[in-house]
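This report refers to the structure that appears directly beneath it.
Per-chain numbering from 1; labels A, B, C and D assigned in written order.
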Amino acid sequence: MTLIKPTRRGVIQAGALAGAGIAMPTILTAESHAGYRNAPQGSSVTLGFNVPQSGPYADEGADELRAYELAVEHLNGEGDGGMMNTFMANGSKAALKGNGILGKKVEFVTGDTQTKSDAARASAKSMIEKDGAIMITGGSSSGVAVAVQGLCQEAGVIFMAGLTHSNDTTGKDKKANGFRHFFNGYMSAAALAPVLEKMYGKDRKAYHLTADYTWGWTQQESIAAATEAKGWETVKNVLTPLATTDFSSYVAPVLNSGADVLVLNHYGGNMVNSLTSAVQFGLRDKQVNGKNFEIVVPLYSRLMARGAGENVKGIFGSTNWHWSLQDEASKAFVKSFGTKYGFPPSQAAHTCYVQTLLYANAAETAGTFNPCGIAEVLEGLQFDGMGNGPTEYRADDHQCFKDVLVVKGKDNPTSEFDLLEVVEVTPRAQVEYAPDHPMFAGGDLGQCNPGA
Amino acid sequence: MGILEVQNVNKSFGGLKALQNVNLNVEEGTIHAIIGPNGAGKSTLLNCFVGKLLPDTGAVTFDGHSLLGKKPHEINQIGVSRVFQTPEIFADLSVFENVMIPCFAKRDGAFELNALARVQGQSDIRDKAEQMLIDVNMIDKRDMIASSMSRGDKRRLEMAMCLAQDPKLLLLDEPTAGMARADTNNTIELLAQIQDKRHITMAVIEHDMHVVFSLAQKISVLAQGTVIVEDLPENIKGHPKVQEAYLGTAH
Amino acid sequence: MDAILLQILNGLDKGSAYALIALGLTLIFGTLGVVNFAHGALFMIGAFCAVTLQKILTISSVSIDPEKKDFLGNPMEVKTPYVESWFGEATGQLIINWSVPLAILFAIPVMLAVGYIMERGLIKHFYKRPHADQILVTFGLAIVIQEIVKHYYGANPIPTPAPDALRGSFDFGVLLGFDPNAVIYPLWRLVYFAFSALVIGGVFAFLQFTTFGMVVRAGMADRETVGLLGINIDRRFTLTFGIAAAVAGLAGVMYTPINSPNYHMGMDFLVLSFVVVVVGGMGSLPGAVLAGFLLGILESFAAMNEVKSFFEAIYLPSIDQIIIYLVAIIVLLTRPRGLMGRRGVMEE
Amino acid sequence: MLGLNKKDTGLFIFVICVTALAPFIMNPFPADSAMAQFNAGYPDLMQRFVIFGIFAIGFNILFGLTGYLSFGHAAFLGAGSYAAVWMFKLLSYNIVPAIILSVIVAGLFSVIIGFISLRRSGIYFSILTLAFAQMSFAMAYSVLTPLTNGETGLQVYNDDPQWLKGDGPDATHFFGLEMRSTFELDLGAWSFSFNVGYYFCAVLMLVAFYLSMRIFRSPFGLMLRAIKTNQTRLNYTGLNSRPYTLAAFVISGMYAGLAGGLMASMDPLAGAERMQWTASGEVVLMTILGGAGTLLGPLLGAGFIKYFENIFSKINESVLHGWFGFLPDGIENGLIWVAEHFVGSGWHLTLGLLFMLIVIFLPGGLMEGATRIRDRFSGDKNKKDTEGKYAPAGE
């Protein structure tokens, strides 16, 4: 008889059942010895890849899944090893050996988040309860990331966040079992503001359109604060309903509002549609206050930006990573991904791949799959060779700090993937903030939970 | 004093005057027929009795209550039941259930949340419904789904449903419309029986003179929205005004 | 004033899409008595007709250019559309550039065929079934269509730009005596509105002046009687469904430059178009068109900052999120059968 | 027994047995076999089966009996969930006050929406309920964020007051009995999970099912069926249909609230998507798919949809390779190529196809399929009644 959660009552009930005369071998498994949930048995370890496979972010989810499969291949010693060859942790070569993790072959299960908190949690729960996943990772929105992170905290497994950009994920909703490699709204703003100042000047009036949910708000708050610090004025912030598909009514008043910059705090489909509307209304051909009217998209997703076609040309934004980076790590990753799938990876794929390697390395270093052991290694980990330069997993909030890319829609793309060009790599020091920064305040990591 | 009194009722739709100064008096315990050519306003008048239409002016009182502005279920609760031109029954339910529903309405009023009682446990209702079905000779069909019966049977069922409430007044809107001769005669017999046994007041709107003269104790003739004659059947037959209304003034 | 004019234009534009979808929906409902949850999918198929034509026109011959490198550093494949090699580069590019308007010609036969297959193959068997069954089967069909499109085109939006000549914006205000730059409006959106008006007019004229239309209108008024007249109603039902599908499809084709199409755009419009149909009144064609434009305009007004702050002052923040539903509730409570609905339709 | 007739008692005992033995029934395949992918006997999914079962049973009381098709019932589910999580935040993780409040809140909410919406019937009613639910969703997602925590979903934070918590458990519990405690029974190659939360939900589902049986067989249920078949006659029989429909609406709203409260009790997070029209549509689909107006149908429909959502979506290419690995490469790849369209990210396609097939070939939903199978086995072809739907109340 196995006790997944050997709470007092569980034991009593189990005892009663055994007492009722059901004959069975009574074996206490490694679980209770190991002292943590879903301790891997036998020769393999199971990871849970929880990505959107239906709904608007399905393509992003599919790209994440490709990256995970690649990471699993590399961990198991197949393929060319990708970034495993460049990965440096705390100044020395990473502990990964290409024989799985801690000698156990890496297997995985997949699920569909549908980009809904409920469905994402259901899917993650089934991975934990049914498939015995020891770690959950993935996702393409902050709502889902926060929801699944909370679940993993309760269940006692590690959560390695996928694409989530809201300040809250490592702010007021941070959890001891959750880790985020992706950057956030504050960092986007801090990286963008100096570039915007340089390109468009100090004296600018900005009009914000903001998706009316938590990510939109934190993004808007961040970018408004950062640009105002550079002398810009925020003329107006208009919240747009999430379900909006036609932004014409929100874009139409912009030109006569006295503003000369439009900031679109939108992501994914919202961003494609609002940007298309803005360009259609001729905003970019106009002069206001004697300056060219400009549009800014704080968070770019290359995959989605393709939907906006030529409209992205010349528009500034930020991104976590881009395949055109020329450091060895990025090149190695693009090569192994591109060879396998025939096209370059997205930033979502990159962050997911990196998260998987980081997890594997932490387990290898800690010598255990115990979430608390892994968390201990990840906290304060300094690593490099993962495409973003020297990076640190800050212990206070489990957020990665690294350089941020400021990008611009390319004027003369040479291929369908060649949409963005990196304008500036904003150094880490510029985007760093104190753990108790007001935009991130109110959260509590709590204690690491091993689930048993 | 009649049990149903209609005084000076006027109703017009746009410019069309459907009812003009209609006066009518239905005596308790009688069968009162309302006849008239097509478009005379018979249905409009009936709809004024049951709360479907509100007259422009005038009064309709039943047993001392005004019927104006009341909803159909309220009018029914004070003792007026109605039989429709095409039988309105609960087509998806069994015959027995069809009859039980008015029994519940009689016992419990317009609304009663009997969510945890059992239909099977309501012996008073069941006995009464059974009796009703025996009365209309349908007890052998009690478990049939109502929609699968013949039109004559549906009419019988509808009558049984109305009678289950022991109404003081039964309104019948062309009860034999579209029926075969045999069914018509059956219905006449049934109505006569009911009148005999229960002395229920009935107001019948009818086309078929055979039915009217077999049943009615009094007849009102409606033409162009007004009552032109109200008299005993034997006086109606040769009445010149009635002939004029039905045949026109040509001769 | 100019702000209001802008929002009216926006409203007419949104209203065009609503009206076109609702028109077909109510036509199918009124004549065939079918609640078609796959109608949004028809709109989406129309949009993907434009995408498909664009793909067909850009089918290319591939040659290797050793000068250029792709993202892996290998020699790059250069694609030349066959259209360009056949008609010369300039003409070829012009054809590709005009692929969205050209897609109208492509979409009409496709949509008629889709409508024909749907009606003959599936919907026909559901005329006499309860509305609940119709909802289930058409919803299932909508999912299947969506998934097929997703399989071939992915989940991300696909850019389908308007022709260069119609891409810019247009100083609409100057025509009406406003200051320059006061009312700037995208050309394509004006085209979309004009096109919709044309299609709506065409459908009404067709129903008004042809025998076929008379039968359809009579069928909407009283289905049973028309059945008794001995008219072969079946063939007409099929054609009605085809027309409704074509109208939804055309709405989709022309919508693509406004918002890049994706596989779930039909579902986004589905609920809204049902609200439009019901607000207009079940079974009323003019009602559907009226309600479409009305809701479009109100939605645009609700997005105005002045309106938003007014409603915020009376404790109704984010009025733009709920305006359509709020209007639907108010209309249905004051006018029981919507703006122009008839008694007894879909009230059981 | 319990005021049920013989047939209903039999049905009820059957349902009790199935729910009690669900951990065995849902896990028919050995844990390490290739078919284990189809096992559904893990706590979360079993909880979902019964919780959505409650939701659908309640919805069926409104739709199946009166024919009023509400497209906004998810609003009550969401309201119930929010109410429950607030109780966790303010009082403690004990689920009893949470569930009570969720039923009350959903009940009050449904009185208001029902009172207004029931002034109309048919599709006008459907659109009114849809409009209310969509408004609730839009506001919960944005302006009501202080109450609902918007996109992220309402959850319990460490600094929430939890006045009554004391040193009670840190997870949802029933007077100390933690919902998440599970014990596993390994029998040979098989493994079965018995979860406290599941059994708690199952007991409430059985109560809900029992109540719905009683309602179906009560005079009230008879009136509701009468409303569906002929409202005119009902009014001319002296019955006021409005209070009956409102009562049915509120009862089904409270069922939805109970389901919402239980969802939050099993997993203390309430997301706004729970109120979206797709969620309302899902319960409509469950009920029609299972068989509207039948007692057991909604339960079957709920199980069916949740099974596909949670099991089929998780079958990926490597699982397929595991299944077909024994075949020659060409055939293997061909089969995988076909199969992968229907599983994993293609699970929606399978669901859509099944919706169509079921409604085409089984007009009465899954229940009709079940009845046909039963009749085939018992050889009784004349038996037409589909499990009480048309059973004359007089027998």
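Just so it is clear, a contact is a pair of C-beta atoms (placed from the backbone, for glycine too) under 8 Å apart; a residue touches a chain by one contact, two chains touch by 3 or more.
Computed from a predicted model, the values in this text were never measured in an experiment.
Visitor: Can you tell me which chain lies farthest from chain D, using the average of the Cα atoms as each chain's centre?
Guide: Centroid comparison gives B as the farthest chain from chain D.
Visitor: Quick one: chain C and chain D, Cα centre-to-centre, how many Å?
Guide: 34
Visitor: CA centre of chain A versus CA centre of chain D: separation in Å?
Guide: Their C-alpha centroids are separated by 33 Å.
Visitor: Determine the centre-to-centre distance between chain B and chain C, using the mean Cα coordinates as centres, and give it in whole Å.
Guide: 52
Visitor: Give the residues of chain D that touch two or more other chains, as numbers and ranges in rising order.
Guide: Answer for chain D, listing residues that touch two or more other chains: 138, 142, 348.
Visitor: Residues of chain A touching 2+ other chains?
Guide: Where chain A meets two or more other chains at a single residue, that happens at 54, 58, 62, 212, 239, 241, 243.
Visitor: Draw the chains as points, connect those that touch, then say whether the picture is a line, ring, star, complete or other.
Guide: Here the contact pattern is something else, fitting no line, ring, star or complete shape.
Visitor: Which bits of chain C are touching chain A when the two form their complex?
Guide: Residues 2-3, 6-7, 10-11, 13-14, 68, 70-72, 76, 150, 154-161, 167-169, 181-182, 184-186, 188-189, 258-260, 262, 264-265, 268, 299-300, 303-305, 308, 318, 320-321.
Visitor: Write out the stretch or stretches of chain A touching chain C in their complex.
Guide: 54-60, 62, 212, 236, 238-241, 243, 245-246, 248-250, 252-253, 255-256, 269, 272-273, 276-277, 280-282, 285-286, 303-304, 306-311, 323-324, 334-335, 338-339, 343-344, 414-415, 417-418
Visitor: Using the touch rule from the top, collect the residues of chain A that touch chain D in their complex.
Guide: Contact set of chain A toward chain D: 1-5, 7, 9-10, 13-14, 17, 22, 24-25, 27, 53-54, 58, 61-62, 107-112, 116-119, 121-123, 125-127, 129-130, 141-143, 146-147, 150-151, 154, 168, 172-173, 212-215, 239, 241-243, 442, 444, 446.
Visitor: Chain B touches which residues of chain D in the complex?
Guide: Residues 3, 5, 211, 214-215, 217-223, 225-226, 228-230, 232-241, 243-244, 247, 251, 390, 392-395.
Visitor: Write out the stretch or stretches of chain D touching chain A in their complex.
Guide: Against chain A, chain D makes touches at 39, 42-45, 48, 138, 141-142, 145, 149-153, 155, 157-159, 171, 176-178, 180-187, 191, 193-194, 196, 263, 267, 269, 271, 273-274, 309-310, 313-314, 316, 318, 344-345, 347-348.
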